[in-house]
Amino acid sequence: MKQKLRMGMVGGGPGSFIGAVHRMAANLDGEIELVCGAFSSNADKSKLTGDSLGLAPERVYGSFEEMINTEKTLPADERMQFVSIVTPNHMHYAPAALALENGFHVVMDKPLVLNMDEAKKLQLLVQDTGLLFCLTHTYTGYPMIKEARQQVLQGKLGTIRKVHVYYPQGWLSDYLEGGDNKQASWRTDPGKSGKAGAMGDIGSHAFNLAEYISGLQVTKLCADINIVVPNRQLDDDGAVLLKFNNGASGLLLATQVAAGEENNVTIQVYGDKGGLEWKQEDCNTLFLKWPDQPAQKLRTGGGYVSSFAQHNTRVPAGHPEGYLEAFANLYRNFALSLQARLAGITPQPEWLDYPGITDGIRGMQFIDTVIESGRSDIKWLPFAP
Amino acid sequence: MKQKLRMGMVGGGPGSFIGAVHRMAANLDGEIELVCGAFSSNADKSKLTGDSLGLAPERVYGSFEEMINTEKTLPADERMQFVSIVTPNHMHYAPAALALENGFHVVMDKPLVLNMDEAKKLQLLVQDTGLLFCLTHTYTGYPMIKEARQQVLQGKLGTIRKVHVYYPQGWLSDYLEGGDNKQASWRTDPGKSGKAGAMGDIGSHAFNLAEYISGLQVTKLCADINIVVPNRQLDDDGAVLLKFNNGASGLLLATQVAAGEENNVTIQVYGDKGGLEWKQEDCNTLFLKWPDQPAQKLRTGGGYVSSFAQHNTRVPAGHPEGYLEAFANLYRNFALSLQARLAGITPQPEWLDYPGITDGIRGMQFIDTVIESGRSDIKWLPFAP
Amino acid sequence: MKQKLRMGMVGGGPGSFIGAVHRMAANLDGEIELVCGAFSSNADKSKLTGDSLGLAPERVYGSFEEMINTEKTLPADERMQFVSIVTPNHMHYAPAALALENGFHVVMDKPLVLNMDEAKKLQLLVQDTGLLFCLTHTYTGYPMIKEARQQVLQGKLGTIRKVHVYYPQGWLSDYLEGGDNKQASWRTDPGKSGKAGAMGDIGSHAFNLAEYISGLQVTKLCADINIVVPNRQLDDDGAVLLKFNNGASGLLLATQVAAGEENNVTIQVYGDKGGLEWKQEDCNTLFLKWPDQPAQKLRTGGGYVSSFAQHNTRVPAGHPEGYLEAFANLYRNFALSLQARLAGITPQPEWLDYPGITDGIRGMQFIDTVIESGRSDIKWLPFAP
Amino acid sequence: MKQKLRMGMVGGGPGSFIGAVHRMAANLDGEIELVCGAFSSNADKSKLTGDSLGLAPERVYGSFEEMINTEKTLPADERMQFVSIVTPNHMHYAPAALALENGFHVVMDKPLVLNMDEAKKLQLLVQDTGLLFCLTHTYTGYPMIKEARQQVLQGKLGTIRKVHVYYPQGWLSDYLEGGDNKQASWRTDPGKSGKAGAMGDIGSHAFNLAEYISGLQVTKLCADINIVVPNRQLDDDGAVLLKFNNGASGLLLATQVAAGEENNVTIQVYGDKGGLEWKQEDCNTLFLKWPDQPAQKLRTGGGYVSSFAQHNTRVPAGHPEGYLEAFANLYRNFALSLQARLAGITPQPEWLDYPGITDGIRGMQFIDTVIESGRSDIKWLPFAP
C-alpha cells in the first residue's frame, strides 16, 4: 500500500495568497498529505489556519523552529518528510536552513532568499546535505513549457538567436501599499522583498523561463528599472536587454503597472530554423513557427508531444489545464523524485525536471545584476555569479 | 477542528478515465478524503487501484454492495459519508440506489442512468430520502459559465431569442472500438451506454449547458442523428434544432467524428439586447457582445464578476483555471452543501448551484427524444418529460 | 499598351451600400475603369452619383435601358464592355437580361434574381449568349477560402463527412425597417428581396460557401426558419440541417438577430482524415486540424499555399488582406477571363474560378427549398433543381 | 463633375514590392488616377511597366527628371498634380526635391531619405514651397490605430506610463542578399538603405507608431543593435529602451530574423487608468484594458468609435479591412487635403491626419540615434534633433 508523502508548511496563514496555492497544488494528485504547519509567526493565526485545514491541533505550531524541532522527534513513519516554505522572501532562508540541517527536504517559493549571501549559504547547505530542494518557478510546470524546452533542446529551431520574455501585470498601478493590501505591502517593502520589487517578484520568473526554455545562460544585461508609482520603495517596472552565452540576444519585460493587464506571461524564442511562442493566457497551446511551412499549434495532451509534456499532463487534449496544474506538476515531480529516493529506485528524467537551488542562485544573481544595471550609466553589466 | 468529508468511490479502476478526474477534483481543495472504494467489479483490480491510492486494504472492496453494506456498519465518524459513482452508464443505477437506500449521499457521473425507467426510480429515491445528489455536468462548474448564467438571469441580454451550443470532438473518427480502447468500447456499446452514443456522452452535456445558462427549457426538437463510422452501433454524430419554452430557437451540435477537434465546447446565447459567447478552449473568458457598444471580455477572477463566478474561482485573474478546477467546483459546492447540512446551517445560494437529479431527468429525456427524433420523419417532436 | 476593361454600373446610387463596394473592388487592381452608369431609377440621383464619381455627364444615364441602348451605339473601343448590377434583388433580372441580349457581359450581386422563374430564364440567356457572367459571392474570393477548397479537392481531409457553416449577424435585431434605414427596408420587403430575408441575403452566401469548399452538393435539407422581430415580413433567422450527395451531413446557420454579432462567417469541414476551419474575423488564417498531428495555421501569402490562393493574394504574408480584396478577386478573375477571351488566349484555371450562373441557380434553389422546409411538417425536403 | 487627382510615380518598376502597393492604395477609392511614371532608371523597364498599367506611351518616362520637366510643360488640367516616390531610400531625395521645386506635391515612401542632411534640406523645401507632403507610414492609416490615438488624446488611459511596440519579421533570417532577391539586396545595402537596415526599414515604422499613438516624444534611448546573419552589412535586429518627454518609458523591438514571424506589428500603451493593445494580425480590433472593468474589444466599423476611425473605414463592422485599406487611407487623406486646397475649402481635421515631413525628420533622427547607441558604451543617448 502506497504511502502519501507527509508535508509540513511554513507560512500560508490568513491573508496569504501563495500558501493556498501550494496546498491545492500539493493536494491535486493525492500523493502528498499536509500533516503539520507553522502557518504564521502569530500562534493564534497559525492555529486558526491549521483548524480550517483539519490538521491535528498538536501539529499546528507557533513557529517554524518549534515545528522542525518537534517533528524531528516524531516516529519516522509519522513525522513530516519535507517542508514547504511559502513565507515572504525575508522569511525564506531561516526555515529552509533549519529544515535542511534537520534532515528535511524543502520546497520553497521564489525568489530563493533575501540576498546573495543567504543564497550562497543555502546552496552550500543543499549541496552538503544532499537533500531534495524544489524552487517553485511555476511556469516551468506547464506542459507546453516543457514541450518548448524539448523542441529547443532537440534542435528543432536550430541555433537560438533571440529570446523574448514579457511579464506584464497591472495590479500595482496604484499605491496599494498605502492601504491594507497585505500582498502589496510586503512585496514593495525592501525589508521583506529584498532589493527588488517587480524584478524579484515576476522578473525572476521571466528570467528563469528564458533560461529554462532556451537552455542558454545570460552573460550580460542592460536594464531600465523604474519606480513608476510615487512613494513606492521598490521597482514596479523594468525592461532588460539580454545577451546569452551563445551570442543570442534577448529582451525581458517585467512590469506591475501595465494597467489592465492580468498575468499574461509570454515567451518567444527564435532560432535560425524557426520560432516558438507561448502565452499563459492560452497556456495549453504552443505555436511553432516556420519560415516556409504553416505554423503548428501544439496542444497539451496532443499525442505528438514529448514525454516531458505528456508526463506533466492529466487529462485528454481539449480539457484545459491551468496554473494550479502547472504548480502541481512541481510538487508531483518533487514527490516522484522523493518517492524514488525513498524506494531506492532511479528516477525518470521527467521526474527530476523541476527547478532547484541552481535556478535559485541564478535568480538571485539576476536580481542583483538587474538592479545594479538600473542604477548604472554603463550600458552592459556582466552577469557573473 | 474541521473534518474532511469522507468519500467512497464506485468505479475508477484500471483503464478508467473519469475516475482519476473525480479523484483529482475531490482532492483539490482538501475538503474531501477518499476513504474507501469498489473500483472494479474485479476484486483484484479494485485492490490494485486502492493500493495505488494509499487506501487501507480493509476499505478496498470487491463490489459496491460489499462497500455499502460494510461501510454502513462502521462508526459514524469513520464510515464514508457519500459515494462517488464513476462507472459506465449501465452501472449507475444500482450503486446509486443502494447508496441512497442506505443513507449515503451520492455524486454521480453523467448521463444519469441507462434509461428513463431507471431515471424515474432514482428520482423518487432521491426525493424520498432527501439525500444530496450531484450529477457531474462539469461545464456548469466553470466560473465563466456561472457568470454567463448570471448575466442572463439578471436580464443583461434582454429576452433570450437564440441559444447555440456546439460540442465537437474528433476522437471517434476511426473505429476504435474494434481495438482495445476501453473508453471507445463501452461508450459505443448500447448495453453499457444506453440508447445513445455521442448524444448521451456529450450531447447531454451540451443540452444541460444550454438550459443552465439560458434558464429556459426545451419544448420540442428536431434531430439529425448519424452513425458515421461504419459498423458502429451507436450514434457518433448529430445536430438538433431546438425550441424553448419562451419561443426562442436553438441549435445543438454534438459530434465525435469531427476529425482534429479536441473538446472545444462552445455556447452562444443572444437576447434582444445583446449576446454572449464562451468556448472551453478559452475557458476563462466570457465575451458579452452588444449592438452599439464594444464587446466586453470578462475574465475569471475579474473584480467585476458575480458572486457565483467569484465563489468558483481559486486564483487571481490571469492565472488560468481549467477543467479540473471546474470539476472540483462541483465537488466543492456539493461538499459545502453537505457540510452545511451536517452543521445545521443554511447553505449559501452559490453552494447549492450544482447539477442534481432534475438535470439528470432532463438529460435522459433529451436522450430519449433526440434519438426518437433521429429515427422519425416527423419534423418536430415534443420534449415531454 | 494594355487597355483597361470598361464597366457600366446599374444601381449603386445614394444610400447604396454594395454599390460602393463593387466600385472599390473594381478599382483596386487598376484593370477596370468605370465609364458609365445608371445609378438610380431617379435620374437626378443617378447624375449626382455619376458626378461624384467623375464620370462624363453624357454617360450617366437615368435608366439601365437607356444606358444599354445608348452604350451599344458607341464605338467598340469606347463603349462599356460589361455591366455590374448592384440593385436590390427585384431589379436584377431585367438589366441582366437586357445586357446579355445586347452583348454585354455581366457581373451581378447575389442572390441571383427574385425567383426561380427569372433564374431559369437568365440561365438560358447566359448559356445562349455565351457571355461571361459573375455572381459576387464574395467569400469565395478570399485566398484562404481558395486554399480550403484546394485542400478538400486534393483529398487532404479524406472523404468529407461534415460541413458546418455559420453566418451570424445582429444588425436586424431591432425593427429597423420601421425607420428610414434603406438597407433594412428593402432587405425585409418581399417585393424587393423575394421570398426570403436572411436566408436570401446571407444564407445564400453560406450555402454557396459550403458547396464551394466541400465540392459537394446538398441533396436534402430540413430548416427551422423564423421571423424573430415582431412585424417583420421576411425571415430574419434560421438554421438548416443538410445532407450532401456523398452522404455527408451539414449544418447551416444564418441569422440577422444575433445581437452583438457583426459578420463573422465561419466554416468548418471535416473528413475522415482531418478538418479545416475558417472565420471571416481572422480571414487570412486557415486552420487545418489533424487527429494525430499539430493543427496547422495556414496564412494568406504563405509560400506553401496552392496556386489558387497565391493568385488571389496581393501582398506578402502578414499584411492583412480583407473583404474588399476578396471582392476585388472576383472582379480581377472576371476581368482576366474577359481579357483572355478578348485576346483569344486560354485562361488559367485560377482566373476562371469565380462564381457564375450555376451558383446562382443553386442559390435560388436553396432559397426556395429552405423557405418551403421552414413551413413544412415533413422533416426532409429534397433539394431538386 | 468631380476631377480625379492626377498622380505620377517614380519607381515601382519590375521587381518592386511597394510600387504596386502604392498603386493599389491610390486606386481603391477612385479619387486618384495614375497618369504618368518614371518606373525605373532603365527606360525599357519603365516602358514595360507603363504599358502593363495602360499608361499612354508618351507619359512613360525614362527618368524622374524627364518626367518632372516634361509634365510641368503640359496644360494645367492635364499634367500630374503630385508625385508618388516609391524608390529605395537613396533615390528619395532627388526626385522629391525636384518635384517640390517644380510645384508638385509629394507622397513618399518611408524612411524619409538617406541621411539627416538630405532630411533637413527636404524639410526646408517642404516648408518653403508650402506644398503637401505625405510620408507613407502605413500603420497610422488603420482605423483602429486612429482610434488608439484618439483614446489616448482624450485621456481615457490617463497619464501615459508605458509604450511598447514590437515589429517582428523573419524574412531575412537567411542571407537572401547573396541571391537574387531584389528586396533583400537593396534593404541590406548601406548605399541604398542608409546607415540602418531593420531599424530603418521597420524600426522607423515602429517608432512612428509609438509617437503617433502616445502623442509623446522620445527624449533618450538605449539600443542593442545586431547583425545576426553572417556577412550582412546592416543591422537585421535590435531592441531599444525608450524614455519619453513626460517621463514614460518604452520598449521598441524591430527584427527581421525572428524566423517564422510575418509582420505582426504590435503596440501596447499603458496609462495610470488603463491600457490598450493592437496587433496587425487582428488589425480591426483594438483592446482597451481596465483595472477594474472588463476589457473592451473595439472594432473597425463599430458605431461607438471616434470620427477619425470612422472616417478611415469603408465597410460595415465585420467586413475585414486590411493593409491596403490602411495604405489607401494615407492616399485618401492626402487627396482630400489636396482637393480641399484646390477647391479653397478648409480641410477637416480627419483629412489632415496623415504623416508628413515632421514625422520624416523624427524618423531620420531615430535612425541616427539608434544606430549610434548600438555602437556606444554609454547607456542613454539623447534624442536631440
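Each chain carries a letter (A, B, C and D) given by its place in the written order, and its residues are counted from 1.
One rule holds in what follows: contacts are C-beta pairs under 8 Å (C-beta built on N, C-alpha and C of every residue); 3 or more make two chains touch, one makes a residue touch a chain.
Only a predicted model underlies this, so the values are computations on that prediction, with no experimental measurement involved.
Student: Which pair, A-C or A-B, has more C-beta contacts?
Tutor: Result of the comparison of A-C and A-B: A-B.
Student: Return the distance between the CA-based centres of chain A and chain C, expressed in whole Å.
Tutor: Inter-chain centre distance comes to 55 Å.
Student: Centroid of chain B to centroid of chain C, CA atoms only: how many Å?
Tutor: So the centre of chain B lies 43 Å away from the centre of chain C.
Student: Between chain A and chain B, what's the gap in Å when you average each chain's C-alpha atoms?
Tutor: Going by mean C-alpha positions, chain A sits 34 Å from chain B.
Student: What are the residue numbers in chain D that touch two or more other chains?
Tutor: Within chain D, the residues that touch at least two other chains are 171, 261, 288, 295, 299.
Student: Draw the chains as points, connect those that touch, then say whether the picture is a line, ring, star, complete or other.
Tutor: complete
Student: Mind pulling up the chain A residues that touch chain C in the complex?
Tutor: 287-288, 292-299, 302-304
Student: Residue numbers of chain A touching chain D in their complex, please.
Tutor: Against chain D, the touching part of chain A is residues 157-158, 161-162, 164, 168, 170-171, 173-174, 222, 224, 226, 228, 237, 239, 241, 243, 249, 251, 253, 255, 257-261, 268, 270-275, 288-291, 295, 376-380.
Student: Where on chain D does chain C make contact in their complex?
Tutor: 1-4, 17, 20-21, 23-24, 27-30, 34, 50-57, 169, 171, 261-264, 280-284, 299, 301, 314-325
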